[in-house]
Amino acid sequence: MDAILLQILNGLDKGSAYALIALGLTLIFGTLGVVNFAHGALFMIGAFCAVVMQRLLNLSYEVVDPTRTDFLGNPLKVQMPYVESWFGTEFGGGLIEWSVPLSILLAIPVMVGLGFAMERGLIKHFYKRPHADQILVTFGLAIVLQEIIKYFFGANPIPTTSPDLFSGSFDFGVLLGFDPNTIIYPYWRMVYFLFALIIIGGVFSFLQFTTFGMVVRAGMADRETVGLLGINIDRRFTIMFGLAAAVAGLAGVMYAPILSPNYHMGMDFLVLSFVVVVVGGMGSLPGAVLAGFLLGILQSFASMNEVKSIIPGIDQVIIYLIAIIILLTRPRGLMGRKGVMED
Amino acid sequence: MLGLSAKDTRFLLIVVFLTLATPFLLQPFPETSSLAQFNAGYPDLMQKFAIFGIFAIGFNILFGLTGYLSFGHAAFLGVGSYTVVWMYKLLGYNVLPGLVLAIIISALFALVIGFISLRRSGIYFSILTLAFAQMSYNLAYSVLTPITNGETGLQVYLNDPQILMGENSPTSPHLFGIVMRDSTQIQMGDWLFTMNNGYYFCAVIAIIAFYISLRIFRSPFGMMLRAIKTNQTRMNYTGLNSRPYTLAAFVISGMYAGLAGGLLAAMDPLAGAERMQWTASGEVVLMTILGGAGTLMGPVLGAGFIKYCENIFSKINDGVLHGWFAFMPDGIEDLIVAMIHPFVGKGWHLTLGILFMLVVIFLPGGLVEGGQRVARLFRRNKKAGPGDKDPEHHPKQAPHVAE
Amino acid sequence: MGILEVKGVNKRFGGLQALGDVNLSVAENTVHAIIGPNGAGKSTLLNCLVGKLIPDTGSVMFDGQSVLGRKPHEINQMGISRVFQTPEIFGDLTVMENVLIPCFARRDGAFRMRAFETVAHEKDIVEKALQMLEDVNMADKKDMHAASMSRGDKRRLEMAMCLVQEPRLLLLDEPTAGMARADTNNTIDLLREIKEKRDITMAIIEHDMHVVFSLADRITVLAQGTPLVEDVPEKIKGHPKVQEAYLGQAHG
Amino acid sequence: MTNSTFTRRGVLKTGAVTGAGLALPTIFTSSASAFTNEPTGSTVKFGFNVPQTGPYAEEGLDELRAQELAVEHINGMGDGGMLNTFTSKALDGTGILGKKVEFVTGDTQTKSDAARASAKSMIEKDGVVMINGGSSSGVAIAVQGLCQEAGIIFMAGLTHSNDTTGKDRKANGFRHFFNAYMSGAALAPVLEKEYGTERRAYHLTADYTWGYTQQESIQSFTEAMGWETVNNVLTPVGAGDFSSYITPVLQSGADVLILNHYGGDMVNSLTQAVQFGLRDKMVNGKQFEIVVPLYSELMAAGAGENIKGVFGSMNWNWQLQDAGTKAFVQSFGQKYGRPPSNSAHTCYVQTLLYADAVARAGSFNPCAVAEALEGFEFDGMGNGPTLYRADDHQCFKDVLVMKGAENPTTQYDTLEVVEVTPRAQVEYAPNHPMFGGDAATLGTCNDGA
């Protein structure tokens, strides 16, 4: 029982990341009708926003410490971050420690700007082109983006830590009357889950309760009609692309302490996020979120030793197996609309 | 000839000529020149051109004609390779039994996967094929290690049965004694040409594969497949059942993939699980689109393009760059090297990504369209010129589009 | 006994009774029109005939065989061809290929692997297709990209694609919908020509009275999913029930 | 016309057949070469085949730096590095046998297929006599097999699986790097001393061949000293999020977690295990501990603070104080401004060892070189007295047990050397069951002739 509870927690967390990426991907599918293979790269760039923030806060000047030597026998140069000397070790150090949450402030403008630039500069010209061309151009873009990151940050994973306040884990077991240490869960993962819920809620209410959102939803349902009403849907779609990029980026920023960012993490998530979107159903935002959490939880269950001992390797294929079963029983995924991406 | 129209026969003859002359055409720079780096006429790369050409030709029969975008064709590539290596292990190094079986087994795999996946269309179909291929890859890499030898890759060990191995049989892949890795070399001045048995074996098969694809393009069957791509509703109301047509196309392209996978193992007796990964499936999709989906020659050009980048650009390092620009003053030399540096060697992916984008932005029909534009330009100039002759006299690899 | 016999067909969509107890008999070698105001169930009835929809109750017999539960391509192979409201053609193919495909479908059935024959070598079929294109005055356009033609030509091509199959029953779903007057008249001429030259049974679903009265041998008026009257055109014109249900509504 | 198994380019470079102006083709005669890619001019080419793209690109880059340095030293440029401390003095800084060394580079992409394609182009197009490098066992075994077939020497880079010199050993392949068995043998006594004999270990193992051999080795050594193995769970490569594998650990009653992961998997699984607070827990009245049997500096850097106090093993580390290490670190540091990693070290040493063997054999013939390497005893390369064992082409030398440093001063000393395990303690019989038993053979040397 406690093992199952734990895996549900794990699954919710995994699912949050899947759901956030899939949400952005579906926004782009649904509104623009574009297959965006660069979406994983957007997630990766989000994670690197956290790295950049950490680097910025750690910008340092060097102080030579004559008492110690470096590996070549020269006097050791100690790095002193500027923020610490400006704001004092306590507040400055605190800023450095909180670099990941702080980098949200950096990520939003960066991602929205990148989204705008991508849509205006490239994607716009591909609305009328076949999906195959869209795949090729966005895949090329994804490679270029990740190679640029690799050029500046190298190929190694870069450790990004969460604030001390959220380090360590919470003992759910004791709360629910189990033995101590049976159901523990890291604070940061709880933060991530809550963060994901807020973002998802935000996107949904934005689309539900604003005029802008209503127009976009109408556009998703029937682009031509909305265009006939004299509403400039194109500009709104640009904004939607920026929003989708921001969602992917924020998912990446906050995931950085869980998964040390490296330049190809986007590609690792790309295939998975496509599976999630399709299982949820093309063009359905609630479907994407539902599928994200569903696949996250099922994957966690499949990783349990009890399950693996019955079917070895099930944790490696479960996502794909579920995708096949769902697509064969429900032709358009969980909540897909008719006629979207079916040709 | 061979049941082809005069135009197609000429086209086929050009392809045959280009294929057979590859060891010479791809070796344009003398060995001693610093541009020899760009020569691609060595056996491994030429074999890859032919093999991935076959893979892409087959993929194009499905994607180019019916429009069904499979993201799982690498699974058949892997199945073909594993089959051939297993035949080495059980029977011996003759490639023939393995290749025949590779085609049969990949056809069976394709039949099952196609039968299930073709119940859906569009992106749902793509994801179904992707799911099957990724499952195959993940299992081959880990749980199925006893059959596939996992990460290390399946290979032949000295204590394998190899029941058909005679005393004097070659100890590497061969066709009735013709050893695949043997080459004949011709030196002409500073040029060295390598004519490799394995390459010519692949080349002959590639020509046959191309010929079959040409026949399919011109056949009623091919016409039906194109009809499916353009309007399935009309297809059904014309009394045609589209499912068996698409399934047949899927199985045929699966057999091509299995053959290509088998040939990979026939050239190099090792089968690795990465061959089944989604990136490998994605690669053939990119090859086909890059070259020009639905055209006969496009996928082959796309395959050559990507394999060339992968093998040639990745080997250019700073030392080579300095060698090229050594004639310049030091400062300028360093500057130029520093400017090119990010695009070659470890940065070859960047070059590939940029080229993908450029091609798809400026040549919507892929490389074939680029070829056509050049040809058109060429013809226009010709006509403007005084001694106007038949432009058809200079087909210059004029890519042939099946309209 | 007609070639097409529809008996007691009912179809509900949720709470809506789309078709209520429809009976219809189409005699061989006649043109039978089905008319009715919007939402009368004309399209639903047609979809039940071609296998796109399956009625809840009732029977649809074509030449003594039930079509119910069969797929569209099977029904076509029985001898029923269909013209759509907006022409459904193979846009990426040439005009000639568009006509060749139904020829192959008629000869080879629903599926046949002819991967190693060459289209150009199938002399009989090529001739037949060319003849058909000449019959509809499109021979000069045979190498055109079908999608690049005018709407009228597309309609004509679709008609040719259906006729070349030599169907025993041709279903036409508002063949003149959205057409200019001149195009409509051309279509009428074409259909009349077909009717005169060939032994063919046609069932037309149509909104446009002009078309109906210039072609039909018999007319069924459908209203709210049930047949109101069935008779020859002359009698339908002045029928009070029709005036009330159809024309009255159309005017008011 | 002649038949040759692999292309030779060296011939052309020399202009030995200068037929530039000839109208008729000049054709090779078979006597031109005695073995694959015999160098006939004033230069000889090495092939450095390392991952330049993909997750191990950084490691590959460091290997390339070291290989370039080794070539410089062989050719007599720079300060000579380890050549000054190497016990064999056959190399004199004028190249090898009077030939200057050149090199070509390639990208393995950490995929067997790509690595073989890259190696083949080096052999067929560039005419290399030796291939060195790599950062994973799958690639090492694949390329080793290729070199065996082609008839050139393979000097393995970073490959830790028992199989490389175990069931997949080849006559033309040589490994300087240590292996999973040695990791177990070196780690066990330290773990016993630190954590006692009453421990319950839980293994998370990367689900591929290297993971299996490492897990098997560690389990057998820890069980031999009395530890109980609670469970061994296989995790998918590149899983990213390991939470669902980590959470059952505490419930199982285990008090040690052994992470048989490498690269990004190790970074993520370790980081996440620490996040779950595993190392703060007390289980069975003991402090919960994590062990990472195979360390590398670059991966340690990726895991950041999480490695503090975590034990593991390494082939070599720049902080060693012997003369060879100092000379190499000095030379490498001067040139690149950073200390070398242990994968850089192994590639550097392998390149020198090959060059030295050629010089001692007096020939580039791979079989002569192999003979010179077999049973070769040397010192001054940073690992103490070392033996290239003839039976399986595995180097036997001291193994380092490392620990994550509590107070690193720079980004380079995040690991500290805990113990130098003497060579005698990590030796094993060539037909050890973990190394393919009696069935494993080197086969015969192939020179491609």
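For reference, chains read A, B, C and D in written order, and residue numbers begin at 1 within each chain.
Going forward, a residue touches a chain if its C-beta (ideal position, glycine included) is under 8 Å from a C-beta of that chain, and two chains touch if they have at least 3 such contacts.
These figures come from a predicted structure and were not determined experimentally.
Undergrad: Tell me the fewest steps from subunit C to subunit D, where a step is a jump to a chain it touches.
TA: So the least number of steps between the two chains is 2.
Undergrad: Which chain has its C-alpha centre closest to the mean of all protein C-alpha atoms shown?
TA: Per-chain C-alpha centroids ranked by distance to the global centroid put B first.
Undergrad: Which chain has its C-alpha centre farthest away from the C-alpha centre of subunit A?
TA: Result for max centroid distance from subunit A is chain C.
Undergrad: Averaging only over C-alpha atoms, locate the centres of subunit A and subunit D and give their separation in whole Å.
TA: Centre separation, subunit A to subunit D: 35 Å.
Undergrad: For subunit A versus subunit C, what separation do you get between their C-alpha means, in angstrom?
TA: Roughly 53 Å, centre to centre.
Undergrad: For subunit B and subunit D, let me know how many angstrom lie between their CA-based centres, rounded off.
TA: 33
Undergrad: Multi-chain contacts in subunit D: which residues touch at least two other chains?
TA: Correct list: 53, 57, 61, 207, 234, 236.
Undergrad: Any chance you could list the residues of subunit B touching two or more other chains?
TA: 138, 142-143, 349
Undergrad: By the touch definition up top, name every chain pair that qualifies.
TA: Inter-chain contacts occur between A-B, A-D, B-C, B-D.
Undergrad: Write out the stretch or stretches of subunit A touching subunit B in their complex.
TA: The contact residues of subunit A facing subunit B are 35, 122, 125, 129, 131-133, 135-137, 139-144, 146-148, 151, 267, 271, 274-275, 278-279, 282, 312-313, 316-317, 319-321, 323-324, 327-328, 331-333, 341-343.
Undergrad: In the complex formed with subunit D, which residues of subunit A make contact?
TA: Going through subunit A, the ones touching subunit D are 2-3, 6-7, 9-11, 13-14, 17, 68, 70-72, 76, 78, 150, 154-159, 161-162, 167-169, 181-182, 184-186, 188-189, 257-260, 262, 264-265, 268-269, 299-300, 303-305, 308, 312-313, 315-316.
Undergrad: Across the complex, what residues on subunit B touch subunit A?
TA: Going through subunit B, the ones touching subunit A are 63, 67, 69, 116, 119-124, 127-128, 130-132, 134-135, 138-139, 142-143, 278-279, 282, 285-286, 289-290, 293, 342, 347, 349-350, 352-357, 359-361, 364.
Undergrad: Going by the contact rule at the top, pick out the subunit C residues touching subunit B in the complex.
TA: 50, 71-74, 76-77, 81-82, 84, 88-94, 97, 100-102, 104-106, 108-111, 113-122, 145, 161, 165
Undergrad: Using the touch definition from the top, list the residues of subunit B that touch subunit D in their complex.
TA: My answer: residues 30-32, 39, 42-45, 48, 138, 141-143, 145, 149-153, 155, 157-159, 172, 179, 181-190, 192, 194, 264, 268, 270, 272, 274-275, 310-311, 314-315, 317, 319, 345-346, 348-349.
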